[in-house]
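Chain IDs A, B, C, D, E and F follow the sequence of writing; residue 1 opens each chain.
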């Protein structure tokens, strides 16, 4: 390992971790405070802004009408994309999405499918002809670690604000009528992600900041609704010990409950 | 934007010339370089024009197609501008070099035309079908002041454009079939006389010059492009270059730009009218002359 | 899990301290650890999959297959001149970086009397300096008893596995000896797996090259047959 | 775990520095390793080598999802190699999907490990990936086939290192599951990885016969 | 589904459902238009009044400087970064470059926008760069480039002018040397009526085609107040030439007003910073 | 705080004359000094001429010819080594800038005998001065001064080393001696003069 990085790591352990403290004053397993704001973007059909510590993420959902896939004519689309624009972090260059954006996007979509966050059948207007397409775009505004966690909260709370009007489709004439009778979407579950930084085989940091992520040897994310697990994601990196996994799951379940309360409180 | 590079001495020379109201090529500050215009030069286009402004050489073709209007504007036709910077024009256009300029030109041309051009003239059946105009601009040679040259050529080409006549419609429920006249001369000219032309004024030192050459563009601190209609209305203004202006200078530039614009429009109008009326005995030059 | 002894297969992350040190930690300094082994916190770990070897109870290493050459001091290598700068040639010796060969690193070379080697030419050289910090440096200066270094002309170059090249370099290689019985030829075997061959005709050169390539995966007892076939092909 | 289940050929791509052709059940992948070589200056790190994993589908195009798999493979491979031994260089690993009948990620990872072993690049440890599916009745199936994966409620791919202590390197899961069943899977998969490592050992033995 | 390497994308040819409520939208526009003829605006503002400006600087902690500006419903974020090397550059340049990116979030407009840059974004980016370029002391970071990024979260009119104001604040927050603060404002002209700081609907009205000869359109002006320099001026619509001095003067007056707000925000910032330093 | 002047960019601060001159955070235009950043105005009267400067919360600094910089060696070869500049005149940078140090600029004496490997190793932290710019667009460094050269280095085994002579450093753990072009540690007073 880079000798400079090693040096910083050692100092960090000495100055903070050995005292069960972190540079921002949190305990090792403490999560940062989160604040949530919904429906702030009027051009979107559903939106939310979440700040976890300094990490800020905004999610906007646009509902459009389109033709379903031939192989699944009775389900609509739920498309989740995470954008890490160059404005949120100095290491990101403008242009095509960076690898991390794609990995986060893929992971979010995978978890949404796993836990059937939304019954996609409710997005069907007319089988094989017309369905709703929900494009959920999550923009990171400030990249200060644990962006994945923020993306989940943003997505959930934005989905909960989406109101779709009633649409009538006439099969004979292909005519579409929109009736302004708006209804909320029904969500099946509320998955909450908690990211942990594995500092070494001794220390685990909950909800690491960008600075801490740089020092950690690997990342570990737990997605849970407080009860069932939806994903235990560790994309390579250095190893994690069994008891560390158990602790992470325990803290993630507690975290899920507090996040649920946060989401509830703004509605 | 060009390979031309000037040293400080050359710049001072040009700036002093402008101050004396006597530019390097002998013009005064408000003068244009010689213009040559020829219309209806591409036979398979619905309208075309080729314009030479000193060394700048522009070819514009207009083609029409039938399209369905946008749902939010059922009574309007469509018009699309596309500028292509040929790598022959200047070596800097090689590869992707000309893309940014091309995008800016086409975008500004559409901005300038949009408030003046009545798109409902292109409507055939409301909400069902309309004409779509493709204005393709090809820059053959770049000799400075492309904005003005392109706008003059585009206006001439649009004036030269004629739309085929629709002889009948055949209605089947909600589908409408259009019958276009077979006769290629059974057409109706497009009225584009109201379209604006662009006038670029380049600020050099404390003065400003019309129709800047490439060298003058390099010396200039900034450039204002004004889109002026024949009636003297301004439909769009754009600033080029990195410099800044005093409020009074800006007002002055816009004023004089509009005066030049009106004159330019008039000159163009006369040329177009002459070209159209003398249809019979018109001498054709084509590309080689 | 794995019974580890000498001449047995070992895998990365295997702890071999007990077989090498045999519990005798104080003798640690007498043992010399070779390629494929590393020491972490007074323990010896394997880092390449291969066979654990030992010589005189002192030298220990792992023998493993390798195709990519990593330069080691005093190796004789064969390279292709890839670039020229004002003071040196850059030579491709099959390592991760090009090696440098100063113009003065030739026998009898002076500032005025520079060697004339063109891009693409093949040279034999000795590694003068190999460090992980910079490009390795090679030299064509010949020493007493050393083989002839410098440009190799009119030959044929083949590339083989590093282990095979090492095996051929052992002076007891039967194959090379037997080949020499039939036809005279020159051969230079670089430690970097590049082999240069030259003989009287292009035909024989190519035939020798092919035999060497074919022999890699053959057992010792099959070699006479191969040589026989080689002789046949020469006489056609 | 037996020869039937895992099949492998090492060093079959002549131009690469190490390669492996692995088929696990019916899923087949080919991995080649090139390097260490001198990379572009932007990728060049002064104190260590960089590892670049490229994942290719047989159709040529890859999706956002594949990009995630690529990321997992990259960080798993990078951690296993002693990159400090190869400063200012790059090691390119190309994973080519030949046929996908489930367990793709596990097959890719095992094939990458074999190809890296074949290349002779120094490694901290080896790694082995095992996938398992959980049925409605909470039954755990190791190395499930395509059908079993599709009908399962949860499906894991776990990667362990060859160190004697249990070291989880990578975990990728789909579906809903409880913590306790995950722990059970970990135990089973860890035990199964030991068989994979002995398979690796056999492969090396075979290979070295000719040496 | 078209396979896209970078993102999950839906089918092609999707239609926003709002299209089927087009009549409602048109009635809304007519209503605004009739109100405007009586010098009344839909949000209750005076025709010569700005919307409320909400400024927050330094919210992108990972950037060197940043500003979040909210003007009515228009919301955008601007961030600047340290000077860095220009990639693939061969020649030495005496002045630094500004590398700008102007991006609309996909959900920021009435119609969903695409991920890739379109011609409007390009044009706005060009104008944006030209507006802030004269204000930055580019000689102080010769041969390097500074990245200035704008992300529009919601577009409710006057986007460009708000973005330029935000960029001025972000540059100042990042302590990038500048010749002057830079602010911008815009006007909408509808049937000879001058509207300060038009909303999206008002902009649509101002730019829609009419037969009559009355002045209409939009004007935007970026200004350095202390140096009295116009850095960017753009206009669109159909206007009488004699009206320009009036528009320019009005915009300058507006810019002075905004400049006061921006300055006080800046001063509060400085005080806040140095006070927290002394208490440390 | 109360009696201090807070300024924003573009604010006119004072006239340039024999007794007033511009300092950091300001620029000169038509005989006046203006501020170029937001901050607190500070007048430095320590010399005969008062220097007007603006203290801001952050600085935008890029390396410039003549500056003494801290750089990390990334690659070396026989002719030169490539470095990344990490700080300028004691001010730590957020970005790193590429630079190169040619063989002839390593030291003043015996340039012919320099072996780069005996002077620097990748990962070393050096102090160097930026040479005047040439047509090439990257910075050229020099260590041809006694006070310049390697300040922080690690031995082959990865442990920090301390300088023991002008050309040698010793590992703190293994006591191995390695050669370097070592920077002479200067007294605080002397550095103040240099800067």
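Keep this in mind: contacts are C-beta pairs under 8 Å (C-beta built on N, C-alpha and C of every residue); 3 or more make two chains touch, one makes a residue touch a chain.
All figures in this text were calculated on a predicted structure; none of them were measured in a lab.
**Q** If you tally C-beta pairs in contact for every chain pair, which pair wins? Let me know.
**A** Answer by contact count: the chains A-E.
**Q** Hey, which chain ends up farthest from chain E, C-alpha centres compared?
**A** Result for max centroid distance from chain E is chain C.
**Q** Provide the C-alpha centroid distance between chain E and chain F, rounded to the nearest whole angstrom.
**A** Chain centres of chain E and chain F, defined by C-alpha means, are spaced 39 Å apart.
**Q** Averaging only over C-alpha atoms, locate the centres of chain C and chain D and give their separation in whole Å.
**A** It comes to 31 Å between the two C-alpha centres.
**Q** I'd like the Å distance between the centres of chain A and chain B, where a centre is the mean of that chain's Cα atoms.
**A** 49
**Q** From the mean C-alpha coordinate of chain B to that of chain C, what's the distance rounded to whole Å?
**A** About 71 Å separates the centre of chain B from that of chain C.
**Q** Provide the list of chain A residues touching at least two other chains, using ranges where the numbers run on.
**A** In chain A, residues 3, 90, 102, 105, 109 touch at least two other chains, as defined above.
**Q** Give the residues of chain C that touch two or more other chains, as numbers and ranges in rising order.
**A** 133
**Q** Out of chain D, which residues touch more than one other chain, so two or more?
**A** 47, 64, 67, 87-88, 161, 163
**Q** Would you pull the chain D residues touching chain E in the complex into a rising list?
**A** Touching chain E: residues 61-64, 67 of chain D.
**Q** Please give the residue numbers of chain B that touch chain E in the complex, ascending.
**A** It comes out as residues 71-72, 100, 103-104, 106-108, 111-112, 114-120, 224, 229, 231-247, 250-251, 254-255, 258.
**Q** Quick check on the complex: what are the chain F residues that touch chain C?
**A** Within the complex, chain F touches chain C at residues 75-79, 116-117, 121-122.
**Q** Show which residues of chain E lie in contact with chain B when the two form their complex.
**A** So the residues of chain E in touch with chain B come to 15, 19, 22, 25, 119-120, 122-123, 126-127, 130, 133-134, 207, 209, 211, 213, 216-217, 219, 224, 227-241, 244-245, 248-249, 252.
**Q** Note which residues of chain C are touching chain D in the complex, please.
**A** 1-2, 9, 11-15, 36, 38, 47-51, 63-68, 96-98, 132-133, 163, 167, 216-217
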